[in-house]
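Next, two complexes with chain A in common: one pairs it with chain B, the other with chain C.
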Partner chain A sequence: MSPAFSLVGRIFSSRTLWISLIVVVLASTLPLYVSGYILGLLTIAYYFGVFSMAWDLLFGFANEVNFGPTFLIGLGAYTAGILDNLYQPPILLCLIAGALAAVTGGVVLALPALRVRGPYFGLTTLVAVLMLQNFVVVAAGLTGGEIGLTVPDVISIDDKVNYWIALGFMTVSGLILYGIARSPVGLILQASGQDAVQAGALGFNVTKHKLAAFIISAFFSGLAGALLVFYLGAASVGTFIDVTVGVQVIIAAVIGGRRTILGAVLGSIFLIGANEALRPLGDLSTFIVSAMALVVVLLFPSGLLGLLTRTKEAV
Partner chain B sequence: MNAQVHGAHLEVKGLTKRFGGLIAVKDVGFSVNGGEILGLIGPNGSGKSTVMKLIMGIERPDAGSVRIKGVEVAGWPSHRIARLGAGMVFQHSRPLHRQTVLENITLALLPDKLRRLFPDPENEARARAIAERVGLGHVLDRRPSTLPFADLRKMEIAKAIARDPQVVLVDEPFAGLTSRETAAFSQLVTDLRDDGRAVLLVDHNVKSVAALVDRVFAMYVGERIAEGTADEVMRNETVRRVYLGGSIETAARPESSFRDTTPFLEVKNLNVFYGKAQAVENVSIHVHQGEFVSVVGLNGAGKTTLFNAISGVLPYSGEIRREGKPLGGLTPAAIARGGIVQCPEGRELFGDMTVRENLDLGGQHVTREESEKRMQWLFDLFPILEQRQAQTAGTLSGGEQQMLTIARALMMNPALLILDEPTLGLAPVILEQLSKALERLRQTTPITVLLGEQNVTFALPHADRVYVLEHARIVWEGDPSRFAAEAGTGYL
Partner chain C sequence: MLFWQILIDGFAISALYALGATGFTLIFGVSGVLNLSHGALMVAAVVAAWVAGGDLGVGSYLGATIGVLVGLALTMLTYFAVVRPLQLTRKIREQEKEIFILTATLLWGIMIQELIAYLYTNNAKTVLPIVEGVVMIAGVRTPANEIFTAVICWLVIGLLWLLVNRTRAGKAVLAASMNARGVTLLGIELSFVYVAVWAIYGVLVGIAGVLLGMFLGVSSYSVGPLTASAFSIVVLGGLGSVSGSLIAAYVVGYLETITAYLVSPAYRTIPALLLLVFVMYVRPRGLLGRR
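Coming up: the complex of A and B.
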C-alpha cells in the first residue's frame, strides 16, 4: 500500500469527514429550493468558515493564539481589490496576488512574533491589525479609506454561481487543511504547540513548523478574503479588518470546536445565521449571540462538532 | 571525521552558565562513554538540571564546550543537537492527549520535514516494536490520559529510544514511582547502557541511583564537589557535609516540654492526589504551640504539597486541625489571616516594589505603630534588609530575597510560620546568615515554625522534632540528634 494511499485511506476512514462530505453534497443542491437571500448568507458564511478553519490550524494545532486573523484576511482582500481597481487584470491574477500578499505579510509578522513567548505572540498580531487598519484609513487615495473600496469587477452576479464557488472553495480548503492537520506534519505541529521544549529535544525545528502553519493559514485567509471582495463588490475596514471581525472569526472557530478544523465551518454558519436571525432585535442581537457563544464555550468546550460526535457515539 | 576523535560519546568541558548575577553552573566538566551510566548528583539548586539543559541545547552556555561524538554542539538549538544523537527523557511532559500511545511514539520517529505529508507505514511497525520493548504493548491504543503514571514514564523513554540517540539524558528517573515500578524502570535504563549508549542520570542523591550508575559526578551550588564510584562519592567528606552537615549541634527541646494537650496544628491521615500520582499518602504530623518542627525530604517527596494542603490551596482527604478546630472549610485567605502563614518555595515577592513596600504589604493587617515596631524588630533580625530598604526586591540576591520573604511573613505576626525550602539555591555563606536569624527567632519569640527542607544541615540544628517524608509518606519521626544514625543514609 503506498503511503499516499494510506493517508488518503486514513482521512476517508474518518466518519466525521464522510458525514461532512454528505452534508456538502446536500448543500450543493440548496440553490434548487431555497431563496437567494439564504444563499447570500450561506455564501458569506462559507468564506467565514475558511477564515475560521485557517485560524484553527494556528490555535488548535500550533497552539498560537492569533488575534489578528483580519490582518491576513485584510491584506488579501485589499490587495486583490486595489489591484482590480487600478488595472483590472484578470480576476484570477487579483486572487493570486491577494493570497501572496497575505503570505508575505504573514511571514513578516510571524518571523519576529514567533520569537516572543506566551501572550506576546497574540499581542503582536493584535497590533498588526491596528496598524493595517490605520494604514487603510491614512492611504485613503489608494484604499478608499473609511468610506471603503469599490471594485469594478465581480466574479458573477448570479447568486447560485457565487454560492457554488464559495461552497467549492470551502470544501477544497477544508479538505486540504484537514489533511494537513491529520498528516505527520500536523502531528509535529501539535507536539510543538503542546511542549515546544520536548519537540525540540525530539529533533523537530519548532519555529520552522509553526512558521509553515502560519504561512498556510495566511494563504487560505488571504485567498478567502480576496474571493469575498469579488463577491461583495466592495471592501471596507468594517467588513474585513476591524478587530470585531477577527473576534467573530475566533468565536466561530471556538464554538465550532477547537482542533477539529471542520467544526469551524459549523461555527461560522451558526454565527452568521444567528446574527441575521436576530437582526430585528438591533444591538441586542450582538449581545444574545455573544451570550450563546459564551454558553457553548463554557458548557461544551469541545464545541458544536464535539457535541454532535459525542451524541452520535452515545447512541 | 577521523576515528580517533571518538573518545567519549559525551564530553563536557568548562561549562558555565549565568542567570543574571547568579552563576548556576561554573566550570563543569565530565565525559561519558558509550555503554556507561554517569550519575549527575546534587541537591536542589545545585545546577545539575541546568547542566542537562545546556547539553541538550535548551539553554545556551555562556562558556565551555559540549561535544557529542566529537562534534562541538555548544550553542546549537536543541533540534540540531537531537538530530546529532542526543535524546532526553523528560520528567514531566505534555504528551499528545488526543492521540494514542502508539501515535505518540510514532511522532518521535517522524523526520523534521515539512514535505512529509504522508505517513510511512514502516514507522508504525517500528513504534509497535519499541512499545513492546519498554512494556507498553498492552496499552498501544489507549490515550495517555488514561495511563498510570509509571506507564507515562515508559512512554517518555520509548519516545527517546525512537530517535536512537547515542547520548541519553534522563531527568530524575524515579521521581513519583513506587519501588516495584522503580525496578522495572531501572531495567529500561540498564538496557539503554547495554545497547552501547552513553547515559546521564540526573538525580538528587547518590543512594537512589547507586545500584545503576558506573560513576557519579556530584555538584553543589554550580560546582563539582566529588567524582568517582557511588561508594567513593558517598564516603567523600565534602558530600557528607553538604548532605548531612558535619557534626550537627542540636538544641532540641523534648516533646514533653510542650504543655498543650491539643497540638497547635494536627494533620491526620492526609492524602493528596495530582491526577493519578499520589503526592501525599496517609501523612499524620503535629506541631505544638511554640515548637520548631522540620519536615525533611528530597525534592518531590511531598513537602510542598503537604504545606499547600495546610494553607488550604489544595483539595485533600483527611483532617487538618488548628487547636482542635478543623481548617477544612476555610479559604486560603481565611487560613492566612488566622495566622498560618506560608513562605512559598518560589518566594513570590513583588519584584518591582522596594524592600520597604514589600514589608509594608505584609503589615497591612496591623496598626501603623505596630507595623513600625515590627519592622524595627525585623531590621534587627535581618540587618541587611535595613540597608536595602529602598532597593526593589527583584534586584536583591537570592539570599536577601529569602530573608525578605521570611520578614514579610513575620510582618503578619503569624501564629505558625511555614517555611518551604528557604535554602533553595542559596550559597553556603548565606545559609549561615539565614540559619543564625532563624536561631534568634526561635530564642527570642514564642513563634511556632514548620520548616520543609532537603538540606539536612539547615533543617536539623533548630528543630525540636523531625519528620522524614519519603515518596509521599512519613517514614521516620524523632529527635534531630538521632537523625544521622537512624535516617541519614537516605540523604547521601
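Coming up: the complex of A and C.
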C-alpha cells in the first residue's frame, strides 16, 4: 500500500473521527428544527472553531505558543474586506486574497519568530498583533479605523445557507488539519516541539516543519477570517484583531483539549455558547469563562476531549 | 525648553517602567516564570489604593499603603493558587509547563481585570498623590509628584540591589537564579527562596502600581498594555538580567516620550515595538541577556 493510502487509512481508522463525522451529519440537519438565532451562534462558533484548530496545530504539536492568532485572522479578514470594499471582485477572489495575505503575513512573522524560542516567540507574535492593530487605526482611510469596515457584499442572507457553509468549511478544515496532525509530518512536529535538538539530530529539518505548520495555520486562520467578514458584513478591530479575541481563541483550544485538533471545535462551541448564556451578567461573564478555562488548565490539562476519550498523558 | 521637558518627563516615566520590569525579570531569573498577570496585579493595587483613598477616605498615605499590601497579597495568591500547582503537577510534561504557566497567568490576569471592571467600572482611576504642587526645573513646570515618583522608584531599586547583593537571604536568591541545584546542595530550601522572591515581586508590583496610579492613572483597559510593556522591556534588556531591564526601561521610556512630544501621542508605542522586533531579530537574548 502506498504511503498516501496508509495515511488515509490511519486517519479513517480513528474512532474519534468517525464519531465526529456522525456529529457533523447530525449537525447539518439542525437548520430543519432549530431557530435562526441558534444557527447564527453556531455559525460564528464554527468559524471560531477553525481559528482554534489552526492555533492548536502550532501549540499542541509544534509546542509554539502563538499569542497572535488574530494577526493572521485579522490580515485575512481585512484584506478580503478592503478588496471587496474598493473593487467588488467576485467574493471567491476576495477569499483567496485574504488567505494569501495571511500566509504571506505568517511567513514574514515566522521567519524571525522561529529563530527565537518559547516566551520570545510568544512575545514576537504578540507584538505583531499590536502593530497590526496600530496600523489599522492609523490607516483609517483604508481600513475604517476604530469605527470598522463595512463590506458591500455578503455570501448569503439566508441563515441556513450561511450555517451550512460554515459547517462545511469547518468540516473540511478539520479533516485536513486532523490529517496533518496524524500524519508523519504531525509526528515530526511533535518531536520538534518536545526536543528540537534531538529531532534535528535524527535528521529532521525542524525549522522547515515549523514553518510549514505556521503556513498551514495561517492559511486556515486567514480563510476563516475572510469568510467570517462576509458572514458578518463588517470588520472591526474589536472583532478580529484585538488581543482579547486572540485570548478567546486560545481559551477555546485549551478548554477543548490541546493536541486534539477536534477538541478545539468543542471548546469554541462551548465558549460561544457560554458567552451568550452569561451575557446578562455583563463583565462578569468573561470572568466566569476565564475562571472555567483556568480550572481546566489547572485540573484537567488535557481538556474536554481529553476527558471524554480518556487518553492518558504520558508523565 | 522642549528638550528639558522630554528629558524630565522621560526620566520619570522610565523610572516607573524600570521598577515595574525589575520584579518581572527577577521572578523569571529565579523561578523561570513569566507572569502574564503582571499588568492586572498592578491595576489591582491602583484600584485598592483608589478605593481606600477615595471611598473609605483614609488619606493618601494609608491609601497608598493599602494599595501596596493588596498588590502583595494578590501576587502571593497568584503564586500559591496558579503558578505553584502547575509547577508541582505531574499531569503535564516538564518541558510543557512553561507554556501552561503562560496560559494560566494570562487567564488569571483576565479574571482580575474583568472583576475590577465589574466591581469598579472601566473608568480611569487616579490615586491621590502623596506630594502636591509644582516645581520649576530648568524652566519646565514639573509636578512635584513626578519627582517624587522618580525618587521613590530609584530608592526602591537601590534597596533591592542592597538586599540582593549585601544580605544573606538576597545572596541565596541571586545564587538560585544562577544555579538552582547548586543552592539546594548548599542546604538552602529552594521553596523558601521562591516564596521570598514572589514576596519581593509583590511589593515591587504594588509600589509600581500605586505610583503609576498617582502619576498617570489607570483603568482596567491598561492591563494588557502594562503587561506587554513590562514583557517587552524585559525581553529587550535580556530575560533575567536586572541591569539589562533598567537600561531597556530607559530606552523604551525615552523613545515613547520623544515620539509623543515630537510626532504624535497616537504613535507613542510604535517605535518601541519596532525596536523590539529588530532586537529580537539580530540579538534574540536581548541587550544583556545570558544564554
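Please note the rule applied: the second predicted complex is superposed on the first by the 310 of 315 C-alpha atoms of A that agree within 3 Å, B and C clash if a C-alpha of one lies under 4 Å from a C-alpha of the other, contacts with A are read in each partner's own complex, and residues count from 1 in each chain.
Keep this in mind: contacts are C-beta pairs under 8 Å (C-beta built on N, C-alpha and C of every residue); 3 or more make two chains touch, one makes a residue touch a chain.
The structure presented is a predicted model; accordingly, all values stated were derived computationally and were not measured.
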| item | value |
| --- | --- |
| Three-chain arrangement built on chain A, chain B and chain C clash or fit | clash |
| Partner chain(s) touched by A:S183 [first = chain B, second = chain C, both, neither] | first |
| Which superposed partner A:D195 touches (first chain B, second chain C, both, neither) | both |
| Touching partner for A:A212 - first (chain B), second (chain C), both, neither | first |
| Which of chain B and chain C A:L42 touches, first, second, both or neither | neither |
| Partner chain(s) touched by A:G203 [first = chain B, second = chain C, both, neither] | first |
| Which of chain B and chain C A:V237 touches, first, second, both or neither | neither |
| Which of chain B and chain C A:D283 touches, first, second, both or neither | second |
| Which superposed partner A:V65 touches (first chain B, second chain C, both, neither) | second |
| Of chain C and chain B, partner touching more chain A residues | C |
| Of the stretches 55-63, 181-189 or 271-279 belonging to chain C, the one that collides with chain B | 181-189 |
| Interface residues of chain A shared between complexes with chain B and chain C | 194-195 |
| For the chain A and chain B complex, residues of the former touching the latter | 1, 3-4, 6-7, 10, 179-180, 183-185, 187-188, 190-191, 194-195, 197-206, 208-209, 212, 259 |
| Touch list for chain B against partner chain A, complex | 56-58, 77-79, 82-83, 87-88, 90, 93-96, 98-99, 103, 106-108, 110, 112, 114, 116-121, 159, 163 |
| Residues of chain A defined as touching chain C within the complex | 59, 63, 65, 112, 115-116, 118-120, 122-124, 126-127, 130-131, 134, 137-138, 194-195, 243-244, 247, 250-251, 254, 282-284, 286-287, 290-291, 293-294, 297-298, 301-302, 313-315 |
| Residues on chain C engaged by chain A in the complex (per definition of touch) | 34, 82, 85-86, 89-93, 95-96, 98-100, 102-104, 106-108, 110-111, 114-115, 117-118, 224, 228, 231-232, 235, 239, 266-267, 269-270, 273-274, 276-277, 280-281, 284 |
